[in-house]
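Heads up, there are several structures right after this.
Each of the two complexes below includes chain A, the first together with chain B, the second together with chain C.
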Partner chain A sequence: MSRIQLENVTKKFGSVTALKNVSLDIKDKEFFVLFGPAGAGKTTILNCIAGIQLPEEGVVKFDGEIVNLVDAAHRDTAMVFENYALYPQMTVYDNMASPLRSKLYKKDEDYIKTKIQEVAAMMKMENLLERLPSQLSNGQKQRVAMGRALVRSPRVYLMDEPLAHLDAKLRNAMRTELKEIQANFGTTSIYVTHDFMEAMSLGDRIAIINEGEVIQIGTGDEIYYMPCNEFVAQLMGDPEINLISGTLAKSEDGYTFTMEGAQKTYELPKEKELFAKLGELGLSKVDIGMRPQNLLYSFEPKEGYIKCSVYSYESIGNKSVIVAETSGLQLRMIAPNGLSVKIDQDIYVDMQLDHAMFFDAGTKGYLTRYNEAAVRAIAAEQEG
Partner chain B sequence: MNTASNRLSRVIQNGLLAIYAIFALFPLIWMIILSFKSDAQMYNTTFIFTPTLANYKAVLFESDYLTYMLDSLIVSGGAVVVSVVAGVPAAYALARYNFKKKEDIAFQILSFKFAPEILVVLPLFMIYQKLHIYDTYFGLIWVYQLISMPLLIWVVRGYFEDISVEIEYAAQVDGYNWYQIFFKNLIPLIKPGLVSAALLAFIFAWNSFTFPLMLGGTNIQPITVAITKFLGTDSAHYGQLAVASAISALPAIIFALCIQKHLVRGLSFGAVKG
Partner chain C sequence: MAGLRIEHLYKRYENDGKKKNAVKNDYAVKDLNLVADQGEFIALLGPSGCGKTTTLRMTAGLEDITKGEIYIGDTLVNNLHPKDRHIGLAFEDYAMYPPLTVYDNIAFNLKAKGVDKAEIDKRVREIAPLMQCDDLLDKMPVKLSGGQKQRVNIARAIIRRPELLLMDEPLSHLDGKARQAMRTEIKRLINDIKCTTIYVTHDQLEAMSLADKIAIINFGVLQQYGTPAEVYDDPVNEFVASFIGEPPMNIIETTIIGEGDHFLFTFANSNLKIAVPERYNNVVSNGFKCKMGVRPMDVLIGGADSKGTPEEVATFENLGDERRIGIHVGSSLLMLITDDETRYKAGDIIKLEVRGEKTHLFDIETGNRIRA
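Up next, the complex of A and B:
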C-alpha cells in the first residue's frame, strides 16, 4: 500500500540505454499498467522498482521516501517474473511458502498453510501443491509464480506478464480475479503486459512505453480516444486504427480533406472547437485516424462511398474484420459474422468523419479530434 | 523366425559385451590374482596356485603403507576442499558478474591444465626449496590446485550459468539475503556438478605422480610415489606391489559409490521457461 514514484530514471546496460528519463507517479491503491511492444523497457522499470537493478540516474520513491539504496529484500515488494523463476528443488508448496519463511517476512507455519490453501483454491491448483516445478506445464508454473506473490501482503505487487501463458479461458477468469483481489486488498499493483485487452480492462491508468521512454500516461479511454501520437493510436485497439494521409484545405465555411491516392475530397462535418483548433494550427498535411468501427461499407455502389476491393476477410469470433484496399491504402473495418465475402470483390467504403482524430503528418503527433471536450471530461472523471 | 533372429542378435550383443568386460577388467583381475601369490609361485603359475595372505601382511603390517595412504588422503582431500572453498565462489563470479578480461581470466585458469606437469615441476622444485614449503602438506596441497581447481571451476561455472538469474532475483524479492540465497537456492542446484567435479578432482589428485615425486620428500609420500618402494633394486616384490596398488584404488571407488546418487543431472531443468 504505497505510492510509487520514479523521477527521471535512466538505466543503461553497457552502451545500451534501456530507460531514458522515465518519470512515473503511481498512486496508492492504483492498478497501473505498463503497456508497450517487446523490448520497450517495461521489465526494466519493474526491476528498478523491485530493487533488482539500480538506475544510473534518477530516484525511486516509495511513499515519498527515496529507496534507491534499499536492497530488494527490504523493499517489501512481491514480484511475478515473466519466466516464472520458481525454485526447482522445492515443491509448489515450498515455493509459495518461501517468501513467508524468510527472516524478514516470517509467519508461523499454521498461517502459511491456511494462506497457501486459500491462494491455491483461488488459482485452482490445490492438486499441484506437492509437485516439483519440473512436473508442471507452463500455465501451471505461471500460476505458482502468481501464487508465490499473492500469499504476501506487500507494499506493491509487480507483475510481469503474469497471464501470458495461461489458456484463454483461465486467462479471462484470472483477469477478473486479479482485478477483484486488487480491489479487495487495495494493494498498489504494477502490471506489465503487451496485450491491449488486458491493459484496457485491468488498468486504472496505463503508461505506454516505447524504446525506454514513457510516451503517454492516462486512463484506458483517454489513451484510446486521444492517443498522443500515431504510434500509440496503432498500439491501442484491435483491429488497428486506420491512418489516412491527406491534405487539409480551408473552404468557404469550413475545411475539406483530400485523401492521398484515392483523390477524394471530403467536406469535414462542422464543429466549432475543431475548426478553431485547425485554424490555429494552420497545417495542411495531416493524417486522419479512423477506428475500424467508424468505417461504413457497402457491397453496392453508394453515393459518396469510395470504391475498394476486398483484401482479406477474417472472422474473429463474434465479429469479422474486412480489410479493403484502394490504391495502396488498406482500410480495416468491423463487419458482422457470416457474410459471404470473396477476396478481390468490390466493396464501397465511407468514413464517419465526425469520429476522426487528426495527426500531424510530419511529427506524427496528435493534433485534435471531434468531441475533444467530451472525451476530456470523461477522462477527468475517470481519474477522479 | 523373427524371435530366432532376435535371440541370435541378443546372444551376439551380450557375447561381445562379455568379451569387452573381460578385456577391460583383466588387468585388475590379474592384479588381484598376483596379490594372493607368494614370491615362489609368482613366475611359474598362472591361475592355479596356493593363495596366501603373506603379501597383505607384509604391506599392511610390516611396512609404512598406511602412513603413505594417510598422506595421500590428507593431500588429495585437502586439495579438493581448498578447490571447492575457493573455486565455487570463483565459478559464481565468472558466471554472473561482468568484469574486464573475464574470459581471459577464465581461459587462464583452464590453461593451468595445458602444460605437462614435467615441464613446470623443475622450476617449481627450486621455488619450493626457497620458500621452504618443499616436502610439506601445504606445498603439495597448493600445487595440487593446478590439477583440481581448473576442472572444478569450469564444471561448476557451467552449472551456475544454467541457473536463470531470475531465480536469484525472486529470492531477493522474497526477502532473503545473498548468503541465504547462495546456500539455500544455488548450492542445491549446482550440487550434481559440484559433486562430480569434486570426485574427478579427487581422483586426479590421488593419481598424481610427478608433483609428489618431485615436491614431496621423506616426510610426505603419497601412495603413488611410495608404491615404487616395493620395486627393490635387486628384486621386485610383485605380490606386495599388487597389494599396494589394489588397496590404493579403494578410496576413489568408495568415494564414488557413496556419492553416486548425487551424480544425477537434471534437477535444474524445468523451473524456468525453456
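Up next, the complex of A and C:
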C-alpha cells in the first residue's frame, strides 16, 4: 500500500516560486504521469516526494502519514534518472545489485541473484549482466538504470524522464516495452515526461503541470478529448490542434459559427445537450478546437469546402501533415505519405464540426464539446 | 545556379592509431555516386558516423578528397578553394560574430568581398523578410532565441546567392515545436529561392518532409537514392526499410510454406499466416527462409466476421491521435497503428489481417530485398 499525497505544496528557490500550491492524490499501484513543458516544476514535485527537497509550505503524505521530516534515505523510494547514473566500474549485475547491498535495504546474495534474474528476464537483458556500462548502448544503459530500481520493492518508483536521452525511434520502442512490463510493477509509480505520447500511453492518470501549478488531472482520454483550456489542448497531440476564432449566433433551430478571417458561416450540427450548454453560456465569441484528423480536404472544389492554399506538406512518419492557409489562418490536417502536393497549390478544406470543442475566446478556458456525455462516461470508467 | 555531381567519391582518414575502429572501417566514404539536378533539395540521411557530414565537407572544400570527383555545375571543384566554389554554408552551430548586430552578421561576407554599401543594404533587406528576421536586424546575437539564430545563420548563407547551399543538421539544436516550425520555413524558403541544396540529417522525418530526393548512407556506402515515396514504399534493403518510417517497418524471420497453388508466410512459435503475394511465386518455394517486412499501417484489425488470425494483444497504447497495438509473433513484437476507437487491453483477442500485397521479402544473410 502506498498512496502518495501532496497537499498545498509550495516550493521556493530564493525569490523564484517553483511550485504553487500543488495538490495531488496518487492512488496505490497507480501509474501516475507528471506532464508539462520544460521548467514547469515536474522534477521539483518528484524531488519533494523523494525527500531531496523540502517544501516551504504544505505536506507530503505516504499512506496518510506526513513524511516532510523523514529524510530521503528513509522514505523507501526508488528513483530512475534521465542520465542513468550507473557506476562505471561495476558490471550490470553489480549495478543492479547495488541497492540491495546497501545498508538500509540489505538482502542476502541468493535473494539478490533471484531478483536480478527475474527483472533481467522481464526487461530482456539477461545477456547484458556481465557487461560494463561502457559496453552498453544508450538504450541498454537506460534499461539497466530502470532494472536497478525494479529489483527493489519500494513504496514508490520515481522516474524522471527516463527516455528523454534516447533518439526518437529508440524512445518509441522503449516506451512500448515499458508499457508491456508496466503491469508487473505492482507498485505506485510516478513518471515525469515532456513527451505527450509517453504521457498518453503510460499514464493511468496524467497531471498537466505548467509554471509550478497543476492545470488538469485526468485519464489520457479525458485530457485529450476534454482539455481544460487551449494550452492543454495544444500540448496533447501532434500535429497541434486547430484553434479557430469566430462568432456564435442563434439560427432558426440551432446555432451558426462564423469563422474569423475566412468569413465562412457554418450551421452547427444538431446536438441537444450541446445547444443547451451554448444557450446557458450565452457567449458569442468562441474558439473552436478541431483535431487535425477531423479536417477533410480535396484538391478539387467541393460544395461547402473553403478554398485555401497549401502552406506545407510534411511527413510525420507513417502519415503526413498538410498545412493549408486561408486569410492568415493556418489549418493542419492529416494526409497519407507520398501525395504529389506542391507548395501554394489550391486545396479545399472542410471541418467535421461534430468533433468540435468550444473554448472561451477571452479566458481560453474549455466550455463544452460534441459528445461530452460519452467522453465523460469513458473517463469515469477508466478512473474506475 | 547549378546542380551537383559526385563521382566515385572516397574518403579515408589516415589511421593515427588513436581511433579504435579506424582499421575495421577504413573508408569514411566509399564509392559514392550522386547527381543533384539544378534546384533540387537533396537530403543525406544516415546514422551518426555514416559519412554524410564528411561528404558535405568534401563538397564544401573543408576536407580533402581521397579519390573521386565533385562537380558543381560543370566545374570540377576538387582543387578549388572553398571561397571559389560559390557555396553557402549553414551548420548546426550558428558561429555568429557576437559583437556585430544581426544586420552586420548577415552583411559580413558581402562586406568582406567589397560589395558596395547600397547593394549590400538592398540584399539584406531582400533576404531578411524571407527569413522572417526583418525585425531582428538591429539586435545582437546574444538576444536571439535558438530559432532566430538559425534563421540569421541561413540568411547569411543565402545572401551570397550561392550556386549550392550546404546545410548540416541546422535544426538539431532546436527542440520540439520550434524545430517543426523552422523545418516548414526552410522548405518554403528553398521553394522560393530554388537553390540546389544538400542537407545533412540523421532524422528520417526531416529528410522525408524536406527533400525532393533522399540519399541514405550507412558505413560510408550509399544504400539508396530516391524520392521520399520511393524509399518508403520500395526500400532496397532491410536497413533502409527499418530506417525510414516511425514506428519502423515490422521485419520478422519467416519460413514460407506452399499450400495449394499459393504460398504463406509462417513464423516460429506463432499461428499467424500471411499470404505471400502471387508475384513471388517464381522466387519462393516450400520451406524458403527469409524475412518478411510489413509497415504498421498495413496491419489491420478485422471486424467480427473477419477471417483474420485471432491474436492476443500484448501492448495497447492510446496516443490520442492514434492507437498502437503490439502482437507477439514468436519473439518479435508486430506493431500496428489504428484509428479504431476501441480501447483494448493486454490479453484481448483481435483478428489480425495483414495486407499481404504490401509485404516485402528480405534476404536473411545480406538484408537485400528479394524481388519478384
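Just so we're on the same page, the second predicted complex is superposed on the first by the 327 of 384 C-alpha atoms of A that agree within 3 Å, B and C clash if a C-alpha of one lies under 4 Å from a C-alpha of the other, contacts with A are read in each partner's own complex, and residues count from 1 in each chain.
Just so it is clear, contacts are C-beta pairs under 8 Å (C-beta built on N, C-alpha and C of every residue); 3 or more make two chains touch, one makes a residue touch a chain.
Everything numeric here is computed off the predicted structure, so don't read it as measured data.
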Which of the two partners, first being chain B and second being chain C, lies in contact with A:S312: first, second, both, or neither?
second
Is A:E56 contacted by the first partner chain B, the second partner chain C, both or neither?
neither
Regarding the shared-chain residue A:L104, is it in contact with chain B (first), chain C (second), both, or neither?
first
Which of the two partners, first being chain B and second being chain C, lies in contact with A:E130: first, second, both, or neither?
neither
Quick check for you: in the superposed arrangement, does A:I343 touch first (chain B), second (chain C), both or neither?
second
Enumerate the residues of chain A that count as touching chain B in its complex and touching chain C in the other.
none
Touch list for chain A against partner chain C, complex:
167-169, 172-173, 175-176, 179-180, 183, 196-197, 200-201, 220-221, 224, 236-238, 240, 291-293, 311-320, 323, 337-338, 343, 378, 382
As the complex stands, chain A meets chain B at residues 47, 50-52, 71-75, 77-79, 81-89, 98-99, 102-105, 132-136, 138, 141, 148, 165
Note: in the complex, chain B contacts chain A through residues 164, 166-167, 169-177, 180, 185, 188-189, 267-273
Which residues of chain C touch chain A in the complex?
177, 183-184, 187-188, 191, 202-203, 205, 208-210, 228-229, 232-233, 245-248, 295-297, 314-321, 324, 326, 333, 335, 337, 339, 343, 346
